[in-house]
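Chain naming follows the written order as A, B and C, and within any one chain the residues start at number 1.
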Amino acid sequence: MLFPIFVAPVIQLILFGYAVTTDIKHISLAILDYDRTHESRRLISSFSQSESFNLDFHLNSYEEIDGLLQKGKIQAAVVIPRKFERNLKKGAQTSLQVISDGTDANSATIIMSYISQLIAKHSENILTETRRKRTVGIVISQPRVWYNPNLKSSVYMIPGVICLILLITTLLLTSMAITKEREMGTLEQLIVSPIKPWELIIGKTIPFVLIGLFDVVLIISAGKLIFDVPVRGSLLFLFGVALLFILTTLSLGLFISTISRTQQQAMITAFFFIMPAMLLSGIFSPIENMPRIIQHITLLNPLRYFSSAVRGILLKGNDISILWPQVLALFIFGIAASVFSSLRFRKYLE
Amino acid sequence: MDGIEVKNLTKKFGQFTAVNRISFAVKKGEIFGFLGPNGAGKSTTIRMLCGIIRPTSGTGSVGGFSIDTQPEEIKKIIGYMSQRFTLYQDLTVEENIDFYGGIHGLSPSTKKERGKWVLKMAGLTGRENSLTRELAGGWKQRLSLGCAILHRPKILFLDEPTASVDPVSRRDFWYLIYQLSEEGTTVFVTSHYMEEVERCHRLAILYSGKIIAEGSPKELKTKFTGSEDSTLEDVFLSAIKKRKKQ
Amino acid sequence: MRNRIIPLMRKEILHILRDPRTLYLAIILPIILLILFGYAITFDVKHIPIGIVDQDNSSLSRDFISRVKGSEYFELLYLSNTSAGLENLLDKGRVKIILVIPHRFSRDLSKGKDTALQLLIDGSDNNMAQISLGYISRIIQIFSSNIIREKLNKQGAILKAGIPPIDVKPRVWYNPDLRSTNFIVPGLTAVVMMILAAMSTSLTIAREWEIGTMEQLIATPAKPYEIIIGKLLPYFFLGIVQISLIILVGTLLFRVPLKGNIFFLFCVSAVFLICGLGIGLLISTITRSQQLAFMLSMLFTFLPSFLLSGFIFPISSMPRIIQFFTYLVPAKYFLIVLRGIFLKGTGLLTLWPEVISLFIFASLILLACARRLKLTLE
């Protein structure tokens, strides 16, 4: 019992927290310099000085790129053409070829954008130098990043992960525990006793509510300690929202136990709910990018509301004035789910 | 040698001694009972004899084979009906029979023939396609026994075979056991039902891992309570009292 | 000696058929995941909501704004002349990035002075933030250099120290349309197989222990290895069905290319399946409780395969320690092989390190199982 309540959530948090990262670092790069001039070497040193890139290979021929990309030794290759420096000095445009491994489309896009940025910066530097000789102004961008100044992906992911772990823990524990009692026959003994059905339901589920809330505290603390996730909003509010969410998951667990004869069935069914809920929650990939129909489907996913609420509270310090839609949705879900499954469970008991 | 012989058999689980130097012998065709409260070591003993677990020390032979060095040979000649008379609930009657027949390596024709016999014995002819889950306790019990004797084992081990079964079914069950015994099958039964063990030819009383009494029901009654009309319960209580005095 | 594996296998198949939920896990779940990942999950970032505050209101600033509007990456949701109510927009999450054009924008530029655009970015989704930064930087850069060029042309200058921008010509190999489906679908095989092989296996064995039928089996002449093979073989076949399904649906419905050798694909899948089945078996020797077996297999097979294998999240971006751990995840190697065969058309010559690693994993796991089984049965 201890394991799923204490250890498992923390392990999950660490796994998710460290692994789930959309930061792109240590991009292994190869450069093919056909020019070999002062300017080309300047460009190369821009790359090697950058923290995002690992300049792993200096190539001699174009054919080498194929093998390296295929083996996955590099993620991108930059080809500096001949006459690079000459063109620059002449004022003619010069083109750099950037070849990226498109198998990981997401990373490829980001890598491209990093490379673009680096080259833009490099261009800007060149501009700055020569500008002193001319009277031309350039546009500089001054970015200020809110909520997550270091653009750490853990800051974005962890709040969502907290929600996910809560879902997994409460759903699995509830559905399996109650089903186990069914399997063992101990549930029948309770039915025969003078306990009223609703007393039975509450008695069976209260422990899991407490466990759920405890896990919320555990994971948020762990998140703060290990990953530096800020807690900018009201914790009390967070608990309230978490409570509503737990109500929904517990009810779902109760429901699953009424349609499962064995623990194995319960687990598989719970898993079936968890997977789509996880993927369509906006935790891993933004809902705004999904096709319209699917976006509408996500409206039925309590995890969606819970994760955006948690994110809002932790990262932006949002309160109920901003998050009332999510709270309302969770409230409706919670009430509906608990009423529905309680009725079903009562019917089963009789 | 189609019986069971056990000398100083011991099983320890870490610090806990479940079975403590027990010795007894069962003749061919005998129905031998192991009586004792829960936790006395009955199931552990039976498991050792069936080759499910290894003894810590002591020797035992089942059907002439050593339980320490020849468990595989033992498994071929015994039948085992475990405590929860474990049939596969989600399989049909026929499928369960088919499975156990296959496991014991029966040829297809033998399997069919014995299968029919088991169905008849269990009274399940015509219900081959019922899910085992749907059978009442008494039927499950007989089916479980049937599956345990499909391969005509020489020695039959029954661990609490009539737990949670109605008295009528229990009586029918024991009728079958007597038949098997008359045909020469040695039967080793554990139980904590006093009146049930009464039906055995001989029995041993197990308490805290030790045998505190052994003999036929009549012998034990005379020895411990002085009267042949007492119940085994009286015997049991008297034996324990004696034990505690020692 | 009659074959005892066949009745054991038949029994297991009956179990699976009688409890269709395992079949759902094996077949329906992959289809659901395929659909979700194929259609719903996309990490492509487009239509980023942006708000612009134009304090300059000149033709130049409007020119810039139209460039932003014209980009497919941004969706201009708010345009205003004052910065009132700015912060609220970001807080509410209505826009992800706010651009502020200062009121001296065109004046400064025409005088030849630098001018600074303020960008306020919602960093909570760092992925989107990074990408937005990149896109906006490019737009600014292009705008910037166009101005310069016009200016310089007006000045009639042929630049000695020319400063045209360095143009970037991107070429994307293996997946020119940058479809994340191509990336995800092959990887899904690994995840789906792990779920089936490890979770189901550990469950089914733990189940027999909990119910008591395992003991019954041990008392029969059936040898332990026969019991195990009989139990695992049906799941192995289900795994093969899975990959066939993914190949079919992936190539036909999602048009994922399959450039490499299919037979090779099946062979490596078989090795991976053995790894998964072995892990499930190992877990079942650690605990006889179904609940614990499930939790353990979730934590140590499903989650690592999903998170640490490079399925969605790039390993190179993880902290060094975690990267070290990924070497212990069989799915990581399998994924490289999968993507290689599907998208790059590579074969044994290139992929032999990963194939050998999978073999080593399978052997080690089976050895561990054998040892543990010996122990637990005594």
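The working rule: a residue touches a chain if its C-beta (ideal position, glycine included) is under 8 Å from a C-beta of that chain, and two chains touch if they have at least 3 such contacts.
Because the structure is predicted, anything quoted here is derived from the model rather than measured.
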| field | Most contacted chain pair (by C-beta pair count) | value | A-C
| field | Per Cα centroids, the chain farthest from chain C | value | B
| Approximate Å spacing (C-alpha centroids) for the pair chain A, chain C | 11
| query | When the centre of a chain is set as the mean of its C-alpha atoms, what distance in Å lies between chain A and chain B? | reply | 58
| For chain C, residues contacting two or more additional chains | 19
| What part of chain C is in contact with chain B in the complex they form? | 1-2, 4, 6-8, 10-11, 14-15, 18-19, 211-213, 215-223, 378
| said: For a test of understanding, state which residues of chain A touch chain C in their complex under the given definition. | reply: 3-4, 8, 11-12, 15-16, 18-28, 43, 69-72, 75, 87-110, 112-117, 119-120, 122-124, 126-127, 129-131, 133-149, 151-153, 155-156, 168, 172, 176-177, 180, 262-265, 267-269, 271-272, 275-276, 279-280, 284-286, 288-291, 294, 311-312, 315-316, 318, 322
| note | Counting only contacts in the complex, chain C reaches chain A at residues 19, 21-22, 24-25, 29, 32-33, 36-37, 39-47, 90-93, 108-131, 133-138, 140-141, 143-145, 147-148, 151-152, 155, 157-176, 178-180, 182-183, 195, 199, 203-204, 207, 290-292, 294-295, 298-299, 303-304, 307-308, 312-314, 316-319, 321-322, 336, 339-340, 343-344, 346, 350
| task | Would you pull the chain B residues touching chain C in the complex into a rising list? | result | 47, 50-54, 72, 75-76, 78, 80, 82-84, 86-91, 95, 98-107, 157
